[in-house]
Structure formats: structure tokens, C-alpha cells
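Paired with chain B in one complex and with chain C in the other, chain A is shared by the two complexes that follow.
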Partner chain A sequence: MIIILSSALKLQLGGKKMDKLLIEKTESSPYVCFDAGKNFLIIQGESFPENAAKFYTPVLDWLHAYLQTIKQEEVVVEFEIIYFNSSTSKIFMNFFQMLDEAVATGKNITLNWRCNEENETAIECGEEFKEDIEYLPFNIVLFKGV
Partner chain B sequence: MYDVFKREIEVLENAEELLISGKLESVKDIEHYQCLVQEYKGLLNQARRLVKIADLMELKLKHIYQGLEEISNTDFLTNLFNRRYFEENLKKEWLRSLRLDLPLSIIMIDIDHFKEYNDTYGHSEGDKCLQNIAGIIQKSIKKQNGLAARFGGEEFIILLPETDLAEVRYLAELIADNIARLDLPHRGSPIYHKVSVSMGIASLRVKEDITQDILVKMADDALYLAKAEGKNCIREYA
Partner chain C sequence: MQFDLLHFHEGIKKDRIMFCYSGPISQSTIEGIGKTLRMNMEIEEAGFNVSQAVFSIFVEQMQNVLNYSAENLNWNKELDKELRAGILVISQEEENFAVYCGNLIYNSDVQQLEEKIEAIRALNKEELKQLYKKKRKEASEIESKGAGLGLIEMARKAGTPIEYKFTLVNDNYTFFSIKVTVRRKKDG
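Up next, the complex of A and B:
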């Protein structure tokens, strides 16, 4: 797992400095790129790390800190996950819960669950995740090809 | 209907009973307890979704596995089984035939003058010819409990459990007739300028002191004889 925390990308947000979180994709873990400067967060690939809690700790920590810094700016979060294990799905639920609570308190966040139009499993999983949240706008976005 | 979360539902029911029982006296306690019950309900719903998502993923993996299994057993060009799958099944059928004292037979088929066919019409047409012959073989053994596979380049093999020599003779004749009826032109062949096949058949009752390779060798020897005796014919291992 490679975590690149580029000091050049440090930003001044709400009086706090946020690094860009960049984790390169591996065979068992997804590409993560959380860009506070662009208010664009993306998780892409497959997720079945041996220790999902360990892998996602910096991701959830970053999100928690980021949610403290934002106000009304438009934030887009994208998930494009082909395959994930059970521990990952629980972590995703916790992730969406954090976003849901932030939206409940007035933050402007949208989540796009992106999947190939032929991947019925990913679509159905997206629908299940959507059921679990209350306030967060949760769009299932279908695309063709790869 | 059985609920996989039966125990969790019982806990919730007990908690709700306690709320209305009057055992909790202070309003603060009741409110606090109600909040916990609500949170538990939410987490239970989440657990249901997690299990459903895991089931969806497992089902997808199962389908992928089935697809891969099919690919690994099939000859890509002809859609018949491949040699690996044939060998696996020969071993299984050999043991079953031994256990139940049943006859086991094999037909080996080779397209005559196939090199000349490729030279005359090109490899793409050669592939189509292989597909046509494979289709005829598959159709001809439809009513039998047989397994047809591509054995090599232009060579096919059929495994026929519970089939004796008389039945295998009939089946080989049927395949030859069906191929003749297909009437595929073959300018490069001296045999009526049509596509034809040579066949070797072998049948035996499995015994403990021999191995399954013997049966394949017998059919192969018979096929060699068919080719040596002018092709476009069926020969039995004697």
C-alpha cells in the first residue's frame, strides 16, 4: 500500500490544512484519491484487503477530518467498485453514514455509485447501500464499457 | 418463515416488552432505553443489508466460477469438450464401469485429407469444416449418454459408457451417414471430392488389471487401420 501525502497539495481550509489522500490501487485494494482542493473524492477498483479495517483507517480518518473543514461547498464523492468483501461493505456503510450525518447537518454532498450497466450485482449492491442512508443524495450512475 | 435474525428479533421484542411493562420508572430511563432500541433496530437492518450484499457478491463469484469451469472444459473452436475434460471423464467412467461391470466404448474420428482441405480452401474454411463435423458428431450422439471431445487437430473422440460393440457399430454408421448427407465439397480429396472421415471403434468390459489408456490405444489402432485401408471407413479393434 502506497500512501502519498504531498505537502505541495496542502490546502488552507477552514483554518485547517488538509492533505490530498492518494492510495495507489493494488490487486486487493482500490485506488483512493481524496482531493480536498477540488472537493472530489473517489474510490475505484476492487476491495478485498486482508485487513479491511487497517486499510480503511486512514481513509475514514481523512474523511472525518475533511467533514469538519467543509461548509456549504459542493462535494462529490464517487464509488466505482467492481468487487468487494463483506468487511469492506460494512466499512462502506460506516462511510456513507458519516456522509449522511454531514448532509443532515446541512453539508452539500452528493454520492455517485458508478457501475457498468451490465454489472447487475454492482447495481443491486448500490441499491442496498442507498436503502441504508436517509439524507445523502445517492445516485446510481450507469456507464457503458470500462 | 424462518428468519436468519430470529434471535435479534427476540431481543428487540423483549426490549419492547420491557418498555411497556412499567418496570422502567423514570422518564429519562425510558427515553434512553427507547433510543437504544431504535439504534439496535437500525443496526439490525444494516446487518440484514450486509448479509444480502455478501450473498449477491457470492452469487456473482459462483457464476464467474461456473463460466470459467465451462471455458476450461470446452474446445473454443468446435464447442465440444476438450481433451482434458475427456481424460478426466474417461477415468471416472472407467472406474464406474469396473464397479458396475458395464461395457465401455470409444469412437475415434479423423477427417480424411484435412491438410489438403486447408491447403485448398484456407484455414478459415478449415475451421468451419471442423465446426460442421463437430456439429454432426454432437447431433448424432444426442440420444446416447456419450461425451464427444476434440482430441487433436482434426481428430475427435467419443466416450460411450454402458455401450457395447453392437451399439457402438450402429452409432459409428450413423455418424458416417450423417457426414455423407452433409455433402461437403472437398476438391483436394480423392474420395468423391467430398469431406469424409475415418473411424476406429473399440469396446471392452473393464477389468482390474488394465488401465483406461488401453481403450484409447485400441480405438487409435483401429483408426490407424481404417486410414491404412483407404480411409472413409470404420474399423474395429479386433
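Up next, the complex of A and C:
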């Protein structure tokens, strides 16, 4: 009964309402909070899960669906990753390519790659991602302390 | 008591081994040892970036064991929780940190792995970066849990080329060992 009601509600909103994606962080996977209502998406923490492709499947699926729903509204995506392994790196590239394509078709998305000013590796990684995207505004934002 | 633990302990100290682990490796082993390793690197005053490099090599090596070691101890495939055997040693050698890792592989995989490592060893820093970026954009190999980027990642973090050795064990298996060195003082 509840299921029927909630899908009816979604229909009333023109099928555009997306659920918030919330994943709590673990020792090896980041905190993920994608809020379609606020057009604010954040990934924060460490990323070296056992199976990165599997961990990020719901994340990429959500993003894919979300990008279909947005128009000209301002969207901010924040990455604040202390360390990520090589298989995560591939997923992130894929993630940024999806955003890049969306921006190429006129969407208003900004990416903030946030890192501690002492984390040279994270800064370099941000710069390397930035080199490989074309349209997405990609800001490397440094902060002090934790 | 047959096994002389003190002798073993002294040997480890003499070789300036900070860490050694041998046996079943799971994702939680990696998380646990990784956490301790980071704390220990802080005590060693390695500096944040050197510490990150050692940690990164450690994770790539251990996850290679988890994904590819032929010594698969997991009896329940349904669980999707890998448990595979390997050995890890982290030591201090002169002014470097060395991360060693070993595991069994199938004899039939030796040639391909050797070619892969040799190709990486031949590249300089800039070439490694370009290869890394190229591979990162390619679609993943089917059935591969990793991204196939691990060896390149390690080579990029290392201060010297990756060292490795294959030792034939029997008709089926070869012992594969790899050594990746990180300079204590990071050079440009």
C-alpha cells in the first residue's frame, strides 16, 4: 500500500522527484550524499573498497538518472577524498566524464575537488582529472587542517 | 616448543622490518593493517606524502593478492568476500621504505604478467602518467574487479623501478614476488 502511495506522489511531481542517495562511510569507502532537492552532491573520505565497480554502481546509476532530470539549475558536486585506489580512480574518471558530457549539452554543473593543502597527492590527482575533462568547470579547492 | 619465536623476532628487527604478515588476506585485513601502517609511518616521521605513497602501494599490492592470488581460501563463492593467501613485508632500507608482496599465481599467467611489468619498467615518469591516463579512460576488461591500473599506480609512486621475481613452485604454480621502493625524502 505504501509503495503505491509513494509512486503516486512521484507521478504528481511529474516523475522528476529523485530520492536522496545516502551512503555512510566505512574504513575503505566514502560518505556519499547526493541531494537532488538541493542540487548538491558530495563524496567524502577514503576510497579503496574491495570491489570499486560494485560499490559505485548505485552511485553512477543515481547520477545518470539525476542528469536526465536537471535543466539549467546550478548544481554543485564536491569531492573531498583523502586517498583513493587505482580502481576508484577509473570510476571517478567515468563520473567526471558523465558530468563533462552533461555540461557540454548545456547543464550548469560545477565540480569542487577539495583537498587539504598538505595532501600533495590529492592535489596532483585533482590536476590530472582536470587535464582530462573539457567542459566541466573543475575547481581545485585547498583548505587548511582537517 | 619447536618454532623459535625470539629468533624470528630478532631476525625481523635486524632486517629493519616494520611489518610482516603472512596468511589469509581479506578486505578487512587490508583496512586493519592499513590503519596501523599509517599510524606507524607517523611515528617514523615519514611525512604525510611519503606515508601516503607507502600506504597506496600497500593497498594496491594487497588488493592484487585479494583479486588474483591463486591460493584462494574462500569456499563460499556466494559471499562475495574474497579470502586469498599472500605475504607482505614492509621494511626500511637505507633511506627508503620497501614494500614487498608475494603470492602464488598460475604458471599460465606468468608470461603475461612479466610482459606487463617489463613494459611499465621501461617507462619514465611522464610516460607512466600518460599510460595511466590512457588506461583510466578505457572500458574495463570483463570479469576484472580491479581497473588494471594497480601496477602503473605503484610504478608512479615508486622512487626506483619495480623489482620482481618469479619462482616456479610446481606444475601448476609459480611464486610471484614484487618489491616497490619509496624514497623517504620525496624528490621532485
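Just so it is clear, the second predicted complex is superposed on the first by the 131 of 146 C-alpha atoms of A that agree within 3 Å, B and C clash if a C-alpha of one lies under 4 Å from a C-alpha of the other, contacts with A are read in each partner's own complex, and residues count from 1 in each chain.
Criterion: a residue touches a chain if its C-beta (ideal position, glycine included) is under 8 Å from a C-beta of that chain, and two chains touch if they have at least 3 such contacts.
This structure is a prediction, so every number in the text was calculated from the model and none was measured.
Trainee: Superposed on chain A, are chain B and chain C clashing or fitting side by side?
Mentor: They clash.
Trainee: Tell me which partner touches more residues of chain A in the superposed arrangement, chain B or chain C.
Mentor: The larger set of chain A residues in touch belongs to C.
Trainee: Which partner chains sit in contact with A:89 here, chain B, chain C, both or neither? Use first/second/both/neither.
Mentor: Both partners.
Trainee: Which of the two partners, first being chain B and second being chain C, lies in contact with A:121: first, second, both, or neither?
Mentor: Both partners, chain B and chain C.
Trainee: In the superposed arrangement, does A:50 touch chain B (first), chain C (second), both or neither?
Mentor: In the superposed model, A:50 contacts chain C only, not chain B.
Trainee: Should A:23 be classified as contacting the first partner (chain B), the second (chain C), both, or neither?
Mentor: In the superposed model, A:23 contacts neither chain B nor chain C.
Trainee: For A:132, decide between first (touching chain B), second (touching chain C), both and neither.
Mentor: A:132: touches chain B and chain C.
Trainee: Going by the clash criterion at the top, which of the stretches 45-53, 63-71 or 81-89 from chain C hits chain B after superposition?
Mentor: Between chain C and chain B, the clashing stretch is 45-53.
Trainee: For chain A, which residues belong to both interfaces, chain B and chain C?
Mentor: Touching chain B in the first complex and chain C in the second, residues 83, 85-86, 89-90, 93, 121, 128, 131-132 of chain A appear in both lists.
Trainee: What residues of chain C sit close enough to touch chain A in their complex?
Mentor: Within the complex, chain C contacts chain A at residues 27, 30-31, 35, 48-49, 52-53, 55-56, 59-60, 63, 66, 80-82, 129, 133, 136-137, 140, 145-147, 149-150, 152-153.
Trainee: For chain A, which residues are in contact with chain C within the complex?
Mentor: The contact residues of chain A facing chain C are 27-28, 48-54, 83, 85-87, 89-91, 93, 97, 118-121, 128, 131-132.
Trainee: Applying the document's contact rule, which stretches of chain A touch chain B when the two form their complex?
Mentor: It is residues 83-86, 89-90, 93, 121, 124-125, 128-129, 131-132 of chain A that touch chain B.
Trainee: Residue numbers of chain B touching chain A in their complex, please.
Mentor: Touching chain A: residues 45-46, 49-50, 52-54, 56-57, 59-60 of chain B.
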